[in-house]
Amino acid sequence: MALDRFFRRRRPQQQPGAEMPDLWTQCPRCKEGVYNRDLELSAHVCPRCGHHLRLDAGQRLAVLLDEGSFQRQSGRVWPVDPLAFEDTEPYPARLARAQQKTGRPDAVLTGSGTILGLPVTVAAMDFAFSGGSMGSVVGEEIARAAEHAAGAGTPFVLVAASGGARMQEGALSLMQMAKTTVALEGLAERGIPYVSILSDPTTGGVTASFATVADVIVAEPGALIGFAGPRVIQQTIRQHLPEGFQRSEFLLEHGMVDAVVDRREHRAYLRSLLGVLTRQPAPEVGA
Amino acid sequence: MSAPADTLRELEARLRDLEGTAQRTGQNLDAALAPLRAEVERLRGEGHARLTRWERVALARAPGRPTALDYVERLCTDFTELHGDRAYGDDPALIGGPARWGGVPVMLLMGQKGRDTKSKIRRRFGMSNPEGYRKAVRLMDLADRFGLPVVTLIDTPGAYPGIEAEERGQGWAIAESIQRMVRLRVPAVCVVIGEGGSGGALAIGVGNRVLVQENAWYSVISPEGAASIIWKDAAKAPEAAEALRLTAPDLLELGLVEEVVPEPLGGAHLDPDAAAAALGEAVSRHLAQLSALGPDELKAERSARFRALGSFREE
Amino acid sequence: MALDRFFRRRRPQQQPGAEMPDLWTQCPRCKEGVYNRDLELSAHVCPRCGHHLRLDAGQRLAVLLDEGSFQRQSGRVWPVDPLAFEDTEPYPARLARAQQKTGRPDAVLTGSGTILGLPVTVAAMDFAFSGGSMGSVVGEEIARAAEHAAGAGTPFVLVAASGGARMQEGALSLMQMAKTTVALEGLAERGIPYVSILSDPTTGGVTASFATVADVIVAEPGALIGFAGPRVIQQTIRQHLPEGFQRSEFLLEHGMVDAVVDRREHRAYLRSLLGVLTRQPAPEVGA
Amino acid sequence: MSAPADTLRELEARLRDLEGTAQRTGQNLDAALAPLRAEVERLRGEGHARLTRWERVALARAPGRPTALDYVERLCTDFTELHGDRAYGDDPALIGGPARWGGVPVMLLMGQKGRDTKSKIRRRFGMSNPEGYRKAVRLMDLADRFGLPVVTLIDTPGAYPGIEAEERGQGWAIAESIQRMVRLRVPAVCVVIGEGGSGGALAIGVGNRVLVQENAWYSVISPEGAASIIWKDAAKAPEAAEALRLTAPDLLELGLVEEVVPEPLGGAHLDPDAAAAALGEAVSRHLAQLSALGPDELKAERSARFRALGSFREE
C-alpha cells in the first residue's frame, strides 16, 4: 500500500566528487555490464535484474539525502588499539589500510541532511571499511548521532551494513551494543522516530543491538540479515540451510522487518512515513 | 427476503439496463429515469427498515462489501503498512500502520479480508493468528510513543481457531491486545465495518469511541456458532442471530456503541464511495472531539467507558 | 526448583459445611473409588493417580485459604436478562436452576482471606454454575475483587474455570473481557501482584482476558486451557488434534504458563512467590 | 599446564587419600596434615597467578564448575522459577524468577548449563534461543513492577546459532533484552560466573554493576570463533584467547567490570561452597549500595556507565 508515493526523485543525484575509473560495472547477480552513469541514476540498483549493489557510506547518503543537504558530523573520533591486538598483522596496520582505502577514520559516516525537504539525522555504516565492523568509534559515532537527533528533534535514519562487532577491540566492541542502545533511548523518551535500513549484509552484534531496536525497520531486497552467520550455523547444526534463509524477504515473512523496500523508493518511503510519525502536515503534492 | 425485496431487485436490474443503454448510446436519460430512481430508493428504504437480523448479517458479509483497505484507499493518504510482530511472523488478516485520516496523522489497525479468492485465503478470511494481535500491540506502542490517535476498523468472523494459533497463545495474544488498548494514552476510535466476531474483534475494539456501520454485526459468538451450541445445528443461525441481538441498532440500544455510521441504502457494497464518506466523516468528528483530552484523561475516560458495561441488579 | 517449600499444610481443611452424601467417589481418570474424606484431605486430587478433580468455588477456596480466614465479598450482584434471551428455554429459567444448584447468584465467588498468614484477595470461578460462563455478574464481581485488592494493597489470586463468555448476555458478555482488564489495571499501576490459577477447563473469552494478563500464571496438572475449544478447531481444520493438545503441560512447553503446580502445593507455592513479590521479610520457618 | 601444576595435582591426590584415611579410621590427622595442606595452598596460589588466558578459559569450562542453580541452592531462598515467554516457548538455557538473595527479594536471571549429559543437551549447553531473551524481558517487566532488584548470573558460550533461532529473531530478541535492561528502574547487578560469550551474555549483562568471577571469561567472540576467523583453525584458540584479553583481570583493567569475585584456589569447582560465599557477599554488598538510589537515578547511572565505554582518540 503506497497510495501516494508521489515523491519520486526527479533525477538521481550524483555522488559528490565520485570518480568513474571504469565506464561500466558488471552486475554481480545477472552478470550484465551496466554503465556506471546508469547505475548511479538508478541508486546502484541493477536496471536489468534489480540487484542492489553494495554501497559505501558516501554513496549511501548520496542516494538517501537531498542533493547538497548533507552536513557531516562524524570524523573527529579515531580508533586506537586498546588491546595491542595482533593476529596475522597488528590492528593499527589494518586500520591504516582501511582508512587509506575509504578516506574515513572508521566504518561509519554520520551527520544531518534532508529527505525531500524533511530534516533528518543520518548514520551510514561503511562495509568497505573492515566489513563495517563495530568497534569503539562506530559505537561512539552512532551514539553521538542518536544524541544529536534527540537534541535537534529530527528523526534518526540509520543504514546498517556490518559483519558484526570488531574482534580487534575485544569486549570493548561488545559493549558498543549497550552504549548505542543507551543513546537511542533518548529518542524513544522524546518520541522522535528512529528508522533503521538493513542493507547487505547486517549480521552479528549490529543485528543484536541498534539495528533492530528501531521503531521501523526497513530491509533492502535480497540483503543477508541475521545474528549468527550462515557458516557458523551450518557448522553447528551440520544441516543444509533453506533457500533464501536470512534474506530480507525471509525476515519479512517471519515478522522481523516492517517492509522490504527497493532502494529507489527509500526517499519517498521515508518522507511519507516520517511525515506522519512526526505529525507534520501533509506536504504539498509535487513539493 | 420478502416480496417487496424481489420487486426491488427487479427494478434495480431494469434501472441498470437503462443506465447501460444511456451510457452506450450517449443519450442523456437522467430526467427520464429520475422517477424510477426515486421509486427504487423508496423501496430500498422500506426494505431496509424491515431487514431481519439475519439479513443484516448477510449484508455484513455481502460479496463486494468494502474491506478496510477499500476505505483506506478512499480516506487516507501516506499509509505505510508496517509488517510483523518482531517475534514470529506477519499476519495478513490484521494489518496496520501510520497514515493520515482525512489529513490527520493516525495509527491504523484493521481487520482485513481478501478481495479475491486468492487473497481471501491468504488473509484467512479475516481471522487473525496471534501474530496479528502482537503486531497490533507493537503498533499501539508506536502510536503512544509518537502521540498518534489510533483508528481501528474491525472486520473479522473471529480469531482463527487453529492448532498453531493455540500453540502460540491465541488467548494470550488477544488479552495482551485488549490490555494494551486499555493502556493507550492517545485517542482511540474503533469502527465495526463488517463482522465483529467475539474476542478477535474486541482485541482492537477498546476505544474511547466505538462505532458500528449500519449493516455490521458485533457479537460474543457468531450466529452459526451459537446455533451449533444451542440446537446442534448451524442452519439455525437465523434464529440465533435474532436471540443474540447483534445488529447496529441493537448495539446502540444496549449502550455498547456511541453511534451507528449510516450506509448507502441496500448496503455499503452498493456505493463504497458514499459508505466511505460517511465513515470518514464520523471518525474525523470523533477524533476532533477527543483531541481536546490529555493522555491521562484519555486513558481514564476509556477505562470508565468499559468499566461501566454490563447489566445486573444489585441487592 | 522449590528449595524451601516447607510450608506444607499440616492437615487439609474441611470444606465448611460440606456434606458427604456418599461415602466415596470414583476417580474419573483411574476409576478407583476414593473415600470422600480422603479426597478432601488431598485437596480433591486422586491419591492414586494424581488426577485433579474439578472443584466448585467453595471447595476451591477451602483448599486455598487458611481455615476460617475467608470473608466473602461477592453475592450482592445478581444476573438479569438484558436481551430477553430465549433458546431452548428462557435465560431466567436457566439462571434459576443454576442458582438453586449452587446456592450462588452467579458463577463466581470472591472475597479476602489469608494463605499461610499472607493476606490476599481471591476470586474463584464456579464451573458448576452454567459451565463457569462469564456474563455481566462474573465480570462485575471480578472487577470489584480486583479493585478491592488494589485498594487494600493485597495480592490478587484468581482461579479460572470457565467455558468462556456467556452467550445469553450477547455482546454484554464480550465486554466483560475489557471491563475486567480495566479493573486489573489498578493492580499493575500500584505494583500489586496478580496471580491466576488456570483449572480445568479454562477456555474462550476468559482465556483471552483476565485469566492470562496475570503477572504469574499457574496451571493445574492436566487442565484443558485454550481459546478455541477442541471441537471448534477440529471442525475448522478437519485434522486430528495432537495428544495432550491444550493441556497444561503443553502450554508450559509452549511458554504460556509459568508453572504447572500440583494443587496440594498451591498454598506453599503462592506463599513463597507472593512473599517475594510483595518484598516482605522471609517468614519464620514453620510459621 | 606447566610442571608445577603436575606437582600440585599429585600432592592434591595424596592429600585426598590421607584425608580419606583419616575419615575412614576416625583418626584425627589435622595437625599432622597441616603443613602439607599449606604447601598445597601455596602451590595453588603460585600456579594460579601464572595461569595463561587459555587455562582460565579451561577453568571457566571445567567439569563440575558450579552452575547458576548451584549458587541459587546455596545462596537463595524462596526461588520460584517462572517459565516461558508467553509467545512461543520456554528456554531452559536462560532461566529466572523471584527469590531472596541472602534474604533480600530480587528477580534472578541466569544462564543455566546442564549438570549431567541429559540436562546439558536439554539446556543447549547454556546457549539460549530467542525465547530465553524474551522471557528475560518479561521477568524484567515484573521486576520493575514490583520494585525487585535484578541479579543476573551469566554463563553462556553465546546465543544458539540455529536455523530456528534465526527464524524467530535471535538478534532482535537479544537487542530487546539489552534495551529492556537499559530501561530498568531497579538496581541491576550482573556477574559472569563462567562463560560470557558475546551478545548472548550481554543480553543480561547491562547492570549498574558488572562483576566477574576470577576464572570466568567475557568476550566479543569465543577464542575458538576468533581463531577460526583469523587463522581458519579453531585449534589456535589459545592464541586467540591471549589476543582477546578476556580474563577477569583483563576486564578489570579495561574498565569493563567493577570487581573480580574471588574463587577458591584452583577454581570454583574445587570448593563450590566457598565460591558461593564470595559470590553471595559481593552481590549483596552491591545491592545494598544501590538500594540508596531512586528509580531515575538507577537508570541514569546505568546508562552513564555504558555510555562511557569505548576506547578512541578525539581530534
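Points worth noting:
Just so it is clear, A, B, C and D label the chains in written order, and each chain counts residues from 1 on its own.
Simple rule for what comes next: a contact is a pair of C-beta atoms (placed from the backbone, for glycine too) under 8 Å apart; a residue touches a chain by one contact, two chains touch by 3 or more.
Protein identities per chain, from UniProt: A, C = Acetyl-coenzyme A carboxylase carboxyl transferase subunit beta; B, D = Acetyl-coenzyme A carboxylase carboxyl transferase subunit alpha.
Just so you know, these numbers come straight off a predicted model, no measurement behind them.
Traced through touching neighbours, the fewest hops from chain A to chain C number 2. Interface comparison, A-D versus C-D: the higher number of contacting C-beta pairs is recorded for A-D. Chain centres here are means of the Cα atoms, and by that rule the chain farthest away from chain B is D.
For this pair, chain A with chain D, the centres built from the Cα atoms lie 34 Å apart. With centres set at the average Cα position, the gap from chain A to chain B is 40 Å. Averaging C-alpha coordinates per chain places the centre of chain B 53 Å away from that of chain D. Within chain A, the positions touching two or more other chains are listed as 212, 254-256. Annotation for chain B: residues 86-88, 168-169, 172, 176 touch two or more other chains.
Contacting chain pairs in the structure are A-B, A-D, B-C, B-D, C-D. Across the complex, chain C is touched by residues 69, 72-73, 76-90, 97-100, 103, 105, 131, 135, 142, 145-148 of chain D.
Chain D contributes residues 86-88, 130, 134, 168-169, 172-173 to its touches with chain B in the complex. If you check the complex, the residues on chain B that touch chain C are 159-163, 165-172, 174-176, 178-179, 182-183, 198-199, 202-203, 205-206, 218-221, 225-226, 229-231, 240, 243-246, 251, 254, 256, 303, 306-307, 309-315. Contact residues of chain A toward chain B in the complex are 1-4, 188, 191, 193, 212, 215-216, 252-259, 269, 272-273, 275-282. Every residue of chain C that touches chain B in the complex is listed here, in rising order: 76-80, 82-83, 85-88, 136-137, 139-140, 143, 165-167, 169-179, 181-183, 185, 204-205, 207-213, 226-228, 232-233, 236-237, 239, 241-242, 245-246, 250, 254-256.
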